[in-house]
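There are structures below to look over.
Okay, so chain A shows up in both of these, paired with chain B first and chain C after.
Entry: the complex of A and B
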């Protein structure tokens, strides 16, 4: 065995454990789901091949169409807001509070990340209660009219987006903060000597140097957003009307409630997978930094 | 070199451990696989045995009596485990938990037969999912508790046992609602919580300040009384409706009583959906008008859930609300009364639960399970259930309604006003969709006629196979 072959063999030995896990828990289920999406399958009865029927049914299913629309709106709202807020908070803390206070703020903002989404949803549902909630109490205190946060189709999805942003921003803040700390101080000192303002430093040094981090954060944000389920399930159950139904909620309902339509649920899951792949391909094409991360 | 050897050994250990896991899993799978056919065979045998017994029962009463008598016999179930899944009914501040109650009540079975009783209380918010995943993965209970929306699929997938053969004529005659468990041509359920009828509850102190001395009995009277409350007590919510609930079960209070009062029915005898009728429209239009014509309901009704409505009623902030009788009895400190409303051209109707104990087909010791079901629905156990856990209507002739039960007259005289949900294909999915459409209606995004048409179209094209 040549040295090159031996090294390659050793490499494969190292990746085999991870590969087996990926194979069992990710790759095989994806292919199984793909197969089931072409069947009528209800867990109890053997799958029966139905061709494209599940996919055709989706085209006229107002529930699925509403879920697709809501999932895209949710993604379009949460991803930009949580990315920008995390960047601003991280830059502010890195510039002004590289001390115990900054650490405390970072830790406090990370608490929602480790808290259960179900618990967060339940607490926010109370805070957003139209008649007795804290948010409307504050609005009334300042003379403003209360908002029907979760009871109106107009606001319900946005309310869930607000909670999601609140929950996620701490995680992305920590990543951004680490990225900012990794930028060489020389660049900022040189900019200061050249008379650059703080805003120019942020715009012309910090943001460009964080491009690989931003790429990671946007990618994660998009994937998480497409998978939104728990907050919507706990806070509104998909209502009022179909205003907060999401794709994953529909997959869950189809698979585990009522008839247990695993075949149809698998078809919706494959569409979700397709959306995520397409969006990430677009992102890769236009936003992926040229250098390797 | 040492590092290479060490890393190779570590890699080998990792791979071996995974392989070991894989082997173990394969063994388990293989055991499960070999057990599955055995279980299937046994289930098939049991099913055919049951079918045979059932057929025999149809032709020979003696055979049925013998099967029922077998369930009465002393059973040796040493080493067996009887798993029972029940929903929660006890209030958080009650004297006993559901778990403790059922463990205590089933202990005599364990003592007599030597079996182990495993009681699990399944929360309402994940109830159907727990059954779907548990039963379909052969991890379900021997005895379960199902409501009408759940039955269709389990019956049509042969997952429930027809329990009729385990009950003697004497047993049956003592049950008040035994026939309600006869669903889709078989005795797949044994009614256990029959009742909890939904009634209109009124705060009589608030009503008397508005000059109202008696509860309304018709839709028109309700509107008139609510308007009187709005005029005399502007800080009070005249009628609380929890359209903000996340589960369609709230339709049992918010919609079906009006729907049935108007003379409508959800499905016909062939299982075809019949909500889109003139009577159905009358009910939907009435609810719509409460919001948009009479302004009795405000826009926060779509964010109010059942707990908030109940809490506001207890705090004296609400004049009327629909409530289950089991919850209404907890309105301590409030001078309340109740009624069932009648539509202008119809009779008074309201929802009543007919939840049943069921025996899963996968149950290995069916006579043992039947014995436990009999015990659980026996007069003594039910008496204690109704006093210690949840106040409900009696289900056996031997049990008397408590003299101080505020709904004594209702239970005794108004049985003809009670209606249960029908069992039909995809009912849970339909109710969920219909509820969401009604929520849209309550926000002014859909008209009543559009709701009925859209829900019917969706059911026929997307739910019904």
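Entry: the complex of A and C
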């Protein structure tokens, strides 16, 4: 065997285990999902081609429509808040607290990130209890009326958004902070010599220099919000009514409750994939910094 | 002079507001977990935390939680699945990364792009086919089914980034000395990869430990449940028994938390390095 063939052979040997796993559990499944989405298929009945019927059905399925609406509200609430909070905290820490205090703050804000959504949901459900929860206790303390956080369709989705923001800020903070640390010190020093205020530095240097990081964080935030399941499932189970139903919850309920409508659930999954691909394409097409030659 | 002073004052007010906002948010990040632990130690069945309720008697919550619903078994399952996931993800990702970074073969670039493309596809989209595939291979309710999906292109991407910066000469030298291929990988490449493998281990552990949807779907026998699934069942069943549920939540939380406290620096560096979640 020549050296070249030998090297190629070795290369394939190294990548083959992960290639097989990706092929079986990631690549083939995408095509399977695509195929099933055009079939009527349950665990008790073999797939039968039905054309676009599943997709048509979605248009009138109140659960799917509610999920899409909830997902958009969820995205519009969580993404701006978590991004702006993370950016402000990161910039503020980098400007004023590059010391033990700043480190402590960053560490503390990261704790919700590592905790499981199920545990967080369980704890927040207690804090958001209408009669005895801490949040209403605080509201009462300030003379306000308590809120039925999780039990009313008016507030339930917002309550879940609050927990999600709380859980995500620490993660994005770390990314932003690393981004700020990567900005050349010279820029800030030059600005200081020119007499710029800290606010001007933030507005005219930090924000523009962090653009690529912001695109990444916004894209990730949007994609995550399309995938919400755990918090909703644990805190409200989708209710009250359909007020906190999400797309993933629809997939789960259709496929794994009752007879298991695998075909219909696959169609919902394909819609989810379509949303995510669109977000990725928009990011790649319009926002990705051009590669330097 | 005057404007400068005003400027300064403004900016101090901003600093004070910033510090207050930050401290409030920080407290809100920690307090729920303190509340969780303290409430788990009370014997009263109320969401209100009264300090006089905290007593050793509250430890009975832990006793009952560990006894209930296969909780102890699911704790064991979660630990075992997490350890296996970390082990296999490290080995398999490191192998692929090494292959992609250091070996020339036809299709290298194409296959790597294909790997990266799979990162765009979320697990929720492949949930149903993965379930059906595993069902047809009789893999449901096995440990393998619970950890194999964590092995994805993210690990390969992460390790390859690092592998690219390892100079080829280091490996070539060993080759010239007649070191066999597998020994070059195990004895030279792997030790060099240690920092990135620590990051990957942390990612893998936290993700698999906290994963919920897949174990919910892939496990139908109660003795194969993982902690997150059991916790959600407990919460649904014992809605009013707060101390009891908080004890379960505390046990679920404490493992990643201890890992985080011990490897804090690597956690943060790993995320800053990749900027992507697995």
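We adopt the following convention: the second predicted complex is superposed on the first by the 256 of 293 C-alpha atoms of A that agree within 3 Å, B and C clash if a C-alpha of one lies under 4 Å from a C-alpha of the other, contacts with A are read in each partner's own complex, and residues count from 1 in each chain.
The criterion applied here is as follows: a contact is a pair of C-beta atoms (placed from the backbone, for glycine too) under 8 Å apart; a residue touches a chain by one contact, two chains touch by 3 or more.
Values in this document were obtained by computation on a predicted structure and should not be read as measured data.
> For A:256, select first, second, both or neither according to whether it touches chain B, chain C, the two together, or no partner.
Both partners.
> Should A:60 be classified as contacting the first partner (chain B), the second (chain C), both, or neither?
first
> Looking only at contacts as defined up top, I'd like to know whether chain B or chain C touches more of chain A.
Chain A has more residues touched by C than by the other partner.
> Based on the superposed arrangement, let me know which partner A:132 touches: chain B (first), chain C (second), both, or neither?
Both chain B and chain C are touched by A:132.
> Pick one for A:112: touches chain B only (first), chain C only (second), both, or neither.
second
> For A:216, decide between first (touching chain B), second (touching chain C), both and neither.
second
> Taking the superposition as given, does A:148 touch the first partner, chain B, the second, chain C, both, or neither?
In the superposed model, A:148 contacts chain B only, not chain C.
> Under the stated touch criterion, which partner chain does A:44 make contact with: chain B (first), chain C (second), both, or neither?
A:44 sits against chain B, while chain C stays out of touch.
> Identify the partner contact of A:10: answer first if only chain B is touched, second if only chain C is, both if each is, neither if none is.
both
> Looking at the overlay, does A:208 come into contact with chain B only (first), chain C only (second), both, or neither?
In the superposition, A:208 contacts neither chain B nor chain C.
> Counting contacts the way the document defines them, which residues of chain A are shared by the two interfaces, the one with chain B and the one with chain C?
10, 13-14, 17, 21, 129, 131-132, 233-234, 237, 256.
> Within the complex, which stretch of chain A touches chain B?
Touch residues, chain A against chain B: 10, 13-14, 16-17, 20-21, 42-45, 57, 60-63, 129-132, 148-153, 233-234, 236-242, 245, 253, 256-260.
> Touching residues of chain A toward chain C in the complex: what are they?
Chain A reaches chain C through residues 4, 7-15, 17-19, 21-22, 24-30, 32-33, 36, 85, 88-89, 92-93, 96, 105-112, 114-127, 129, 131-134, 137, 166, 169-171, 174-175, 177-178, 197-199, 213, 216, 220, 223, 226-227, 229-230, 233-234, 237, 248, 251-252, 255-256, 262, 265-266, 269-270, 272-273, 276-277, 280.
> For the complex, which residues does chain C have touching chain A?
Residue list for chain C touching chain A: 7, 11, 14-15, 18, 22-23, 25-26, 28-30, 32-33, 35-36, 39, 46-49, 92-93, 95-96, 98-100, 103-106, 108, 111, 114-115, 118, 120-122, 124-133, 148-149, 151-153, 156, 181, 185, 206, 209-210, 212-213, 216-217, 228, 231-232, 235-236, 242, 245-246, 248-249, 252-253, 256-257, 259-260, 264, 267-268, 271-272, 275-277.
> Spell out the residues on chain B that touch chain A in their complex, using ranges where they run on.
Its residues touching chain A are 4, 7-8, 11-12, 14-15, 18, 22, 128-129, 132-133, 136, 153, 157, 159, 243-247, 299-304, 308, 312, 425-429, 432-433, 435-437, 439-440, 442-443, 445-446, 454, 458, 461-463.
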